[in-house]
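Notes to accompany the following structure.
Here the chain labels run A, B, C, D, E and F in written order, and each chain numbers its own residues starting at 1.
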């Protein structure tokens, strides 16, 4: 008696805990001035987005990220079928975000359906161009890493490439006006790779991130062609600007511009709306809060001066 | 012949490998002075804890982390049912840890059942308060990040919030005397977010971690209200103290105290039982091994002096 | 009308997107001078390797990483059965990589089957020795962390131990000539722990990584016995050597040698083919690009000199 | 070459088969005078109905057909949550059938949503009465079978009870105007038990089917209280009536009326709109096409006469 | 508004239905004089039994009903591991039934654990003998069916063999005193094959059921060696005996004895404690309620006489 | 002690049972004169065939048996992709059966691969014609059942249609020389519907089976166009012919020929190589062992004579 699988669990005061949680939720909803809510959950789903990205990865690279038993002869069948499933599922998520955006605006609620369709159509139409960009990233990784044996290996193994597949899809969603979906895609990559790229960041072709853990790239960063970045690099903002009444000033370009062909070694921190000129090299662990001209080679020794000058900037992204 | 699915696998010397592994296990058990063990596995399960936390996340935030088709009308049914399942499952894991703790002590074995029940009841009773704390963390994230568009987005996307849901549950388990379960929960968050908070750390309301990858917070750290921390921040111990015979001295407060309203920027390292006074700002990449008064603004230039003074401390957590 | 689950999705231009993607693939295949490919996917599978490692983890530590309901009495049955499944599955993956390696060489294609079998047999035969090495790593973690309560806890919770289980299996695959499989195993650990160890790295017994997020260890690193390493440590290469026509010079020992008993604290960066002498201690955040003799204690203050001297090295792994 | 997992599959003429199937579908659609169809599948789903019935079984008998770890304390939470999920899912299926019914009638399409809601509400409201009826069936089975040891065993094991759970739910759907959903539920029982009860059949409380394989009960059958039926019993129609132009005359009462307390032994066939008077016993393998008064005991010998008289009737249901 | 996935479901009166169901349950519990029940479900699980039988099928015939990738070299590992899992799971189910049996008897509750263990040990010990019996059944099927091409085909395809695997396991459980578990196993076969053999039936080696749908064999039937039976054969009881107060008289031998080498063709019905003498043949659709001597050949014409004599018997099993 | 989840399971004598089973297997293998077997399982898989049929059902009727979210626009993509997967999987099963057929004939082993490919190609090529046949069966069901409301309902709900989908696929496999695969498909239908059609039976277009439980149709039966059959109908063989030494005489036409437009009511049994002339009606429960001319209407009364004449035939299929 009292032993065994479900033993003495009798006295769990479920009703009490359920009531306690209800009170806590009501307190929150009151504090947030939420009207008495009815109906279902109105938010997009992390898991749904994850599955959509998985499917789109297969659509983009069928023979390498598609199902193991796929064959060239049936590639297009697989792609068409999977694409349809992915886009239909995306359509539902887009509806959820658009409705959520318009939750206080009955007028905008009305055209959610039409806008969702337009958006998903545009997104689908952008996929071939995204594939071309990703091919350039794969090639960049292959050329940039002495250990890489083939482009196939790069696509299969490199977390930096996984992060870029997510980013290029997320960026498209961001541009099309569904930033929450974009963010969910970006955070999925972050969780898998430790690479945290804001979906707003604009990144040219041939981008390569090696190792990657700890990389942070901010919303308004702009990165040119053939840039290479190593683990723990931050392209961040300086301290936030607050307006008179202490509110954070949101928006506005506040992250670095990195021009074509720049290489940034591990642990370097570049902050603020500065420009790293074309072809520059930024050494490991460098701390940089000013622009540098094309062809610069910045080392820690140099950057220490920078630290003294600019002591209270803070690496944010 | 020899081709095909299961081809020439005939000669796998399974018996030999199995025997080799048995020898290795026996060697280990002997070296660890384990008695001839019988019976089943006595350890809690990573997967079980992961599922428990998933369920409790739904219980705490039903409309945002619960099932996608949940509706307000049935919230309490969902919560009650899921809570029951989660707590029953937790009860089994608690039994496993308590039995494990008491494995050399027949006396303590006897009251495992009663203690397990008390513990799970207390844990369940703490959930409403945990929800209130987490609400404050969500608000802090929303207020602290210029990119955040709504509290819902924060709860859905931010790894720092995910880490805090885990931490506040893990900390409760830690306080109730099941540190191994607590650790499993913490490591689950670590794996998903790159944020490594020891379940022993005491953290006040309104805590916000941005980006988060590489954050390490040690067991005896104490953090006040409304503290903000960025990626790669370490709140660690200095070198361990060893006693005369070279054994590590375990326990004892050895991590920083961070007072209310402090902000610590990315990459900063704060080591030892020092106090960061209320409202201070610690700049990016700062290395700090001494206390600073309220309202301090510490930058790298200043902290470099600190490095010279205190050259052999080592960032541990 | 127009509302509901599958609403107005009618106009998705699937054919057009499928065609666009086909053009993009052909462009890529042409640019890569790939012959008209036929047949199935020829690459190993991430998921398959992940499952193989899961099974082998259970085979190596049946009572702690095997199924929750395993019992001592049936350990060997479980091991034999699981080992068989894992090795048969590995055999398929090995075939895929060997065929891929030999894809331009009809001669080598012919003995893929025989080589695959030899390789898997060798791999299986190495498992008992791998278990012995891993036991030493577990003990090192237990002894090295003041918070560890038991070796069981260490094996269950510590990401550093998880990373080492992967590494010791991956390293064996690397030695046996299937570097792509090895890399897939290593990246699986990287994704779960944030610890990035190249499968080529040679690591002695009793290796302990604490916290671990951000650790990077390069391909030709050599690490002795009883070495301890903390989060965000890099054992990397300096800048790559390029030959006259700008091609990366691949291969060649280019990462540090770390002798027995060395401790390297969090955030330290050690670059190039330097030797850290036996029993040395490298402080937190140290930047080191030269060899140090046995028993050295290196701190940031000292290493800053080093930075000035050697300004354009870059932490790579 | 040509051996192995995906061997020589190259030449599968997928395009040709796909085209052949398209032609066959078009031929069918033309022959059925279907307009060029667009949009998604409009039919309810077998699997969805199966899951709904599973959930409702748990809702009706939580401690015996609910989840194995259910506890009395949380019964209502389980029921509320599961009921909500089941009814929401049913609502979707009801919409599909109502839309399908109205597919040629734009007018009726318009109120599908309102009717679906009403219907599901009515259905939910009928569940307590269905439970009461099913309790009477369970008791009847317990009392009618000398081998039954407890009512719990009956509910857990008896295919006749499983069939009645399905029937009482299906009959309710039939009454509410969704005969296709009702039929899907009935066929699910048929597949599991070999018992084929048309959802239109009206069956009083305390109905017991023993063994059950081969039982067929037709659409307009009416069965009183406390009736008992054994395997391979048919309550069917005689030959269908066709009208002048040879079309089947659909509808109309054409199956037997079985009054209270009747017992019908295995293999008996009763055909047409006949009445089996209260308390009668129909022997095994009897063939009966005429009414019998209350208290009759019909045997094969007697029924043979019946056969001669009525030679071309045919057992249909 | 009101459209879409979770549309107008708002008004589902969950609370009301839940309350209605609670009343219905209470009514039932009162009518059944059940004390206020607490704690968890005490009944065995259909699904658990199904999984146990699946595992035991693999254990008994590893190369034909075990996992598709099993190999001779690892047969014993597979068997040992699977057997352990199956018997541990069976042990839990046995505990549940024994506790249920003793639910009104505190004294018997006490030794449930010891009896459960004994029972499972005995059951495990009987498996080799069960395999030998099943081999005889497989051979009988192979020899008895002109369409059978190999014993492997028989084991893989024949529902009669599937039914006998279940029966021989169920009969063992029945003999060991867990009739509810036995019944669950039998009903699982019934659902899959339409063959309904009571677990109490005693059946000699070399038993073959062809086609099988509709076969019913009662609890006290006794069947000799090398008997063959076709679809829709009933070995049943006559009408139940009721005692003075109308209660069914339970127990007592009431089904046929079928001696060695008998063949019973499709649709035959044999009722009551009669004996079918060795080597007899019973023709299709025969109705038989009397014993026949060895070597009889019974046809419909003859059995019609039987019908006239014995007009109110009824085929029960 | 002794209580709890894995309680007193210690003493399970696994080794002993495993050894006992090994002895039983060896005894069997010896008795069957099986050589010492090595390698893997050589038999096709029930589950694999079931999945293949599920996929082909979707391929044949995409909008009604395909995935619930399928849309007309993407039908061909779905079909091509699913067909490829189904046929590749079928190819593996065909290889297994062909190798098994040739297990004693090294010569035939050699061309297994080529024959398997030819066979699967032929099978794929036959699918459009199979769809056309099935359309005729669906129409027949719709026209033959007064309760049917639409062809869609028929396809979705009717077990007779499910059985015919299986049969038409199984028959094709039978014709192509893989009778074991054919049988597995047929038995899958049998298990789901209680309808047992041997894959060898030749059945014309427009075949309709109503209710279906207990129907048995033998290997050499030949059925014309537009035949209708009800539950429990047998088209069987008479007693098997044995040759001089008592061996069953296998093969040879031994089941009925049923000409165009015949209707056979429930429970009728027709045995032997007799011909039922065009347009005949066979009444319920009729027992028939002789041919009848076109346009016959056979009733029980008439067929009883038949019984007397032909007393020892037995319904086999």
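Methods note: a contact is a pair of C-beta atoms (placed from the backbone, for glycine too) under 8 Å apart; a residue touches a chain by one contact, two chains touch by 3 or more.
Protein names from UniProt, one per chain: A, B, C, D, E, F = serine O-acetyltransferase.
Note that the coordinates shown come from a computational prediction; the quantities given were computed from them, not determined experimentally.
Note on connectivity: the fewest steps through touching chains from chain B (serine O-acetyltransferase) to chain D (serine O-acetyltransferase) is 1. The two sequence copies chain A (serine O-acetyltransferase) and chain F (serine O-acetyltransferase) touch through a face in which the numbers common to both exceed half of the numbers used overall.
Rounded to a multiple of 5, the Cα-based rotation taking chain B (serine O-acetyltransferase) onto chain E (serine O-acetyltransferase) is 180 degrees. If you compare D-F with C-F, the chain pair joined by more contacting C-beta pairs is D-F. Separation between the centroids of chain B (serine O-acetyltransferase) and chain F (serine O-acetyltransferase), computed from CA atoms only, is 57 Å. Measuring from the averaged C-alpha position of chain E (serine O-acetyltransferase) to that of chain F (serine O-acetyltransferase) gives a distance of 25 Å. Multi-chain contact residues of chain A (serine O-acetyltransferase), defined as those touching 2 or more other chains: 3-6, 9-10, 12, 14, 18, 38-40, 69, 71, 73-74, 76-77, 79-80, 83-84, 88, 194, 213-214, 232. The touching residues of chain E (serine O-acetyltransferase), counted against chain D (serine O-acetyltransferase) in their complex, run 2-3, 6-9, 11-18, 20-25, 27-28, 31-32, 37-41, 43-46, 48, 100, 179-180, 183-184, 187, 190-191, 194, 196, 198, 213-214, 216, 219, 232, 234, 236, 240, 248-251, 269, 271, 287, 307-308, 311-317.
Of all residues in chain C (serine O-acetyltransferase), those touching chain B (serine O-acetyltransferase) in their complex are 59-60, 62-64, 66, 68-73, 75-76, 79-80, 83-84, 87-88, 91, 113-114, 117, 120-121, 124-125, 127-128, 131-132, 135, 143-144, 146-147, 149, 151-153, 156-159, 192-194, 210-211, 213-214, 230-232, 263, 265-267, 281, 283-285, 297, 299-302.
On the chain C (serine O-acetyltransferase) side of its complex with chain F (serine O-acetyltransferase), the touching residues are 6, 9-10, 12, 14, 18, 69, 71, 73-74, 77. Of all residues in chain C (serine O-acetyltransferase), only 3-5, 69, 71, 73-74, 76-85, 88 touch chain E (serine O-acetyltransferase) in the complex they form.
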